[in-house]
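There are two complexes below, and they share subunit A, which is joined by subunit B in the first and by subunit C in the second.
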Partner chain A sequence: MTGAKRIDREAGRAYWFMSLPAFVIYIVVMAFPIGLSIVLSLSDYSGGKMFGGEAWHIVGFDHYLRAIQDPWFWNALKNNFYIVLISVFGQLPLGFIFAYIIYRRIVKWPGFWQGILYVPNIISIIVVGLLWQSIFSPSGPIAQVVNDLSTNRFHQQLVAIIGSQGHLNLSDSAIQAVLKLGGPDAPNMFANPIPDLRGMIQAYPSNQYGVLITDLTNLLLQKWTPTFLNKPNIAMLPVLFVILWMYTGMYLILFLANMQKIDTQVIESARIDGANEGQVMRHIILPALSGTMVNSAILAISGSLSSFALIFALTGGGPSRITEILSIYMYNSAFLGQHDFPLANAIALITVIISMLLIVVTKVFESRYGGKED
Partner chain B sequence: MKKVIIALMMVAVTFGAMAQVSLNVLNYQQADQAGYQEDVQIWQDFQTQNPDIKLNMEVLFNDPYHQKLQAYAAAGTLPDVFYVWPGARSAVIHEKHLAKDLTKLLGTEYLSHFTGAATNPKNELGGYLAELPQSFTYTSVMYVNKKAFTDNGLKVPTTYADLRAAVPRLKAKGIAVMMLPNKDGWPGQSCFFSTVAGRMVGDKFFNDVLAGKAKFTDKPFVDALKVVENFYKDGIIQRTDNAIGYGEGPGLFAQGKAAIILDGDWRTGAYITDKASGKALISPDDQHNYALMNLVALPGEKFPGVASAVAGTGWAIADSLQAGPKLDAAVKLIKYLYSPEVQAIRWGTGAYVPTRTDVKPPAGLEPLPSLLPAFYAENSKTCYVIDGINGLDPTVATAINNGIVDIGNNAKDAVQVAKDVEAAFEAAKK
Partner chain C sequence: MSERLETTALGRLGAGFAKALAYAVMVIFAIMTIYPLFWLAMNSFKSTREFQVNMLGLPHVWVFDNFKMAWDFGEFGKLFPNSIIYTAGATLGVIALSVLAGFAFAKIPSRATKWLYGSFIVGILLTLNSLMIPLFIEVNVLGIYNTRFAVLLVYIGAGLPIGIYLATEYIKAIPTALVESARIDGAGYFRIFWRIILPMSVPVATTLAILNITGTWNEFALINILVSKTELKSLPLGIYKFSGSLSTDYGKQFAALTIGMAPMLLFYVAFRKQITKGVSAGAVKG
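And then the complex of A and B:
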């Protein structure tokens, strides 16, 4: 045996010795679950002991078909695409712009801004979800401020109507005007709106005029609540805003770190040669960061399609499923009501396929239009 | 000599270990609610009284419990003793027969101590007694703050007209007439609409739907949904309740934000004194101002007075346990958990009124849970809880849950929701 061969064999043994544990762990923790997921998505497994229990069979692509025939699948997919869009065309450009501003020191205290923008990333996702949920809730701070303002205005309107005639001698038209303030549903509260409301108002003695105004405000003021957030298409807006708020800082850090690798002399030379900030960004920074951008886009796409916790904590997919995304649709299929593991796995694999397609599109786009980093 | 002593000790330890039976238990327990301390004590007492049985406890609550149970079922490693729902929530246990038939295991003599409804196998999804229901649960109960009505010159409502009449006076004082915290979707169906449907269309309608003789788009069902519409339209239930989580309801009700809250009978425990903190959402003295009532009479109802009810949750033993010391230990544990003493403690925490008939009412029971037996006696006519109807796919119940939310949000009307429910039913049939 020659020395070279012996070294090769020793190197081979060392290679396997060092890589085998990782390879085994990969097979057990990654490859096996993926394989099982594919098999389950094609099966009629209906729960219970998976191996050695009731027999189950491969039934083909039935569950994939079921998924794509379900209108809720398309609703979830549409919501996922909104998230992909806000991630790729919201977080990335914003992250880049913020990184550029900080890198070029266009603002004072760049370190401070970098920290502020990154903070949402280090807060627990569940905390963020609950925080924004309370902000958008009907008793949250936004609704409270709006309602405080409208209560004052309502008070004044009531006083203007009632005060001029005195509450014991209100005319029909004045009662009608009070009812009108309460909006279209106000008459529903009374069997005979005008006599009933008059009776109610006149039951207050003269010395309780203030109480009357407060009570009428409680009764008739249509409190503002963010009910528009319950409407399809609009319900996703606060979710998208929170996603933008939370993750932009992460891309800022990614871009900033890569910008700091660019030779500053190149930028200074360009500036000496008369290039303005826009030209520096377009002709030096952007081409140098095209690879980072593609990687960030891949991160954003795969993260968007697999996101779960934030929306689960924020809306739970509600109201009545309109903010459901694929991962929540999958979770509900697997764990709520009658557990449907094959459908859940089919949804998971469709998500993976869509994710891969989007990544391929991104790579093609980069190879065609991207710049060179080196 | 030393060696002999060590050898003897080793033998003693070995025999001691051999004599002790280990039981894996998956317990369903909420640590932040009144009754937790008593529940922990129940388990500790069993362990103290039975040194020959070692309990390996795993404690979970809400969805994580169900997911873990499902995962154990899939892996074929179910714990020896676990907690089970009678319907779709624990479907895999019933359908795959993963729990022992307690009728056979415990025997008719033992089960004669329980109510007929609890031991009727037809009340469980698999058609056999996979779990022994600790309670028979009424899912839609009006918790009424009587004082809120009387203080405002109103009588405690018994009809829809009474509720409507209360709207202006209570709303003027900043009090909602009725609260239905429905952010989670299911309370609207389970704690409200099941009884509305029971009153308006009756159980037969659902049987007819399952038999293909009726549709959810039929007028009677649409009319039942219109009743829900009216509760919101007339201002009895606030549309904003759809943004209130199920867990937030009791706190808001106890603060006086609403004169009535719709909830299940299991919630009396949320209001009584927590032994750990000594605090109660409603103090025992104030609990006298509250009543538990059936839903008010509805206009056009065909089945007056019915209330939605279903067999409750209970303990099960894994079907895989073979005859032997382990199974004996599991049976011993089950019998302990269903003993009159333990059931009396659970009753005292307001968790439920036991289905075991020889349980004496616990001493010092607070006023609110002590109202339950009378409530059951006065409301013996029951109807389906929709998400517990055997044979009705859970996706249909989900469509109803969503539909009630949509009606509450004024996003859809009764006709549209009926169409959605029928579509879900047709899809499930395929």
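And then the complex of A and C:
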């Protein structure tokens, strides 16, 4: 009996020695911050010494109310939902299609495609954000290509209207057509549009035709600046594109890894028995992957709601807060301007709760409609 | 009807079309994935002036100064060692603590397991990004703001839930008979851990290493609120410095971004198989 007791004690000591360090760190880094977050969200603490400084009090749910009464909160929440949607209905299906193509050996070199499509996942989010920021920027390559094309077209149209070197057509209708090329605002540049513009063109010596065309283009062509990062209704599109670009490969990897667990003999014999690809997909692959899909959807939801760095680097929530998401809204409340820690914590907890709710909904959905897999 | 579709001429045509479509899809998306990165690397060799007139072509004049300027301005000489310390420290910490606790949870019977292990499982669902504000306040109250200790502590904490889950499930699959016969031979749990469990846990430790190396090296949101001194910053924080005011100095900015992506790309090229395996094993939620 004493021997058994000694063994029990040794087991107990070993158990706690092995598990306690991890548990203490877990408490310090996760459990305690949650508790702190709850307390702070109900308080009026606004920076400074937490203990021994200015006294702070519990004030109740005021900050939650402030959050849900702030239109920017709903804007951020809406953007988070866009991200959830593009993740669940963009990344997942695309990743699945890629995985299927590779898994069924419809294309050669499976490792090659898989290797390429996963690359964005491995790169620092900050690098990805800043890279795409410069691609989309008004002085970036997209704007340049578009402007080069439109400049060329403008040149050709100008030449077609006013004719080639030495034979300028400066009739009223031609000048009128040039003005029309410049868009609705062009006539406003002149006091008397037609004579003024004609005078301007005539002022160029005949050997300066190239300069004339270039100057006219610069004067009249509306330079295109990428408005997609500035327009409120579409500013999120580039952000969503980058998110799709970055993470689709991740789901390709997940789906492919789980497809490869399917017994190939089952598929082979189904094919021999006359099943076509569609039937293989419907009756073998999809059922085998339903668990993976639910897990991927949960990953996508929780990743979407906690994402921070990509938008922080890509748009910083701008222009004028349009692309803000909840984590950026939280960060700015806490660290920009006055330290509104209670509001920031209320937002954090709302985010956590929404994330948990969506995960539960996904789980319930799975147990009701899925559940063919093991 | 038992005839296979491909054996008919129409079926062959359809299969051929499907194949062509599949190749088209893969090629288009592969180019869309890789070209921006190639574009970035290529432009890091152009002067800012050349970039403004030649955004899409190869550099006419290859400028290597960009890298030196970016390296100096970003103080990467300080940041690289920091990134290595954080990544190595957090990875080793997570592996050691996860395998230890995993062994305890999986093989040493205790009534506490339900609660301890359960709390780590709940932690998988939480993402530390949501807790950055209370973490910031906590490290300030504890007086460990701007310390490597705080960064390592938070990174280890962030890696533990999934680490412990994977380690526990892995060690559960090791036959208990191995542990029991060692016990009968008089071996203590520490000895069993050291001699039996640890050597057998190399695969799960590899998975954890992959997950934590890629995660920690690229991490930004948390370290951003944990340190402000350059001496303590990691690579992603240094790269972020190149946004904003420097975003018009393209040569330098692109060089900085290229420096930032190179180490992970090399790591990926060297360990692609292990990385994809590790990531798919670690992608567990709920």
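Definition applied: the second predicted complex is superposed on the first by the 323 of 374 C-alpha atoms of A that agree within 3 Å, B and C clash if a C-alpha of one lies under 4 Å from a C-alpha of the other, contacts with A are read in each partner's own complex, and residues count from 1 in each chain.
Convention: a contact is a pair of C-beta atoms (placed from the backbone, for glycine too) under 8 Å apart; a residue touches a chain by one contact, two chains touch by 3 or more.
In this text the structure is predicted, and so the values were computed from the model without any measurement.
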item: Touched subunit A residues, subunit B compared with subunit C; value: C
item: Which superposed partner A:Ser137 touches (first subunit B, second subunit C, both, neither); value: both
item: Subunit B versus subunit C as contact partner of A:Met50, first or second or both or neither; value: both
item: Which of subunit B and subunit C A:Trp245 touches, first, second, both or neither; value: second
item: Contacts of A:Asp196 with subunit B and subunit C, given as first, second, both or neither; value: first
item: Subunit B versus subunit C as contact partner of A:Gln222, first or second or both or neither; value: neither
item: Partner chain(s) touched by A:Arg321 [first = subunit B, second = subunit C, both, neither]; value: first
item: Contacts of A:Ser150 with subunit B and subunit C, given as first, second, both or neither; value: neither
item: Touched partner set for A:Asp185, first subunit B, second subunit C, both or neither; value: first
item: First (subunit B), second (subunit C), both or neither touched by A:Gln176; value: neither
item: Residues of subunit A that lie at the interface with subunit B and also at the interface with subunit C; value: 50-51, 137, 139, 335, 341
item: Residue ranges of subunit A touching subunit B (in the complex, touch as defined); value: 46-54, 70, 137-139, 185, 188-191, 196-197, 200, 215-216, 218-219, 223, 225, 227, 230-232, 316, 318-321, 335-339, 341
item: List of subunit A residues in touch with subunit C within their complex; value: 7, 10-12, 14-15, 18-19, 21-23, 25-26, 28-34, 36-37, 40, 50-51, 94, 97-98, 101, 106-107, 111, 113-127, 129-135, 137, 139-141, 144-145, 245, 248-250, 253-254, 256-258, 271, 273-274, 276-277, 295-296, 298-299, 302-303, 305-309, 312-313, 327, 330-331, 334-335, 341, 344-345, 348, 351-352, 355-356, 359, 363
item: Residues of subunit C that touch subunit A when the two form their complex; value: 1-5, 18-19, 22-23, 25-26, 29-30, 32-34, 36-37, 39-40, 52, 55-56, 97-98, 100-101, 103-105, 108-110, 112, 116, 119-120, 123, 125-138, 140-141, 153-154, 156-158, 160-161, 164, 183, 188-190, 193, 214, 217-218, 220-221, 225, 235-236, 239-240, 242-243, 247-248, 250, 253-254, 257, 260-261, 264-265, 267-268, 272, 275-277, 279-280, 283-286
item: Partner subunit A, residues of subunit B touching it in the complex; value: 63, 66-67, 70, 73-76, 88-89, 91-92, 95-96, 98, 164-165, 167-169, 171-174, 183-185, 233-235, 239-240, 242-243, 387, 393-395, 397-398, 401-403, 405-406, 409-411, 427
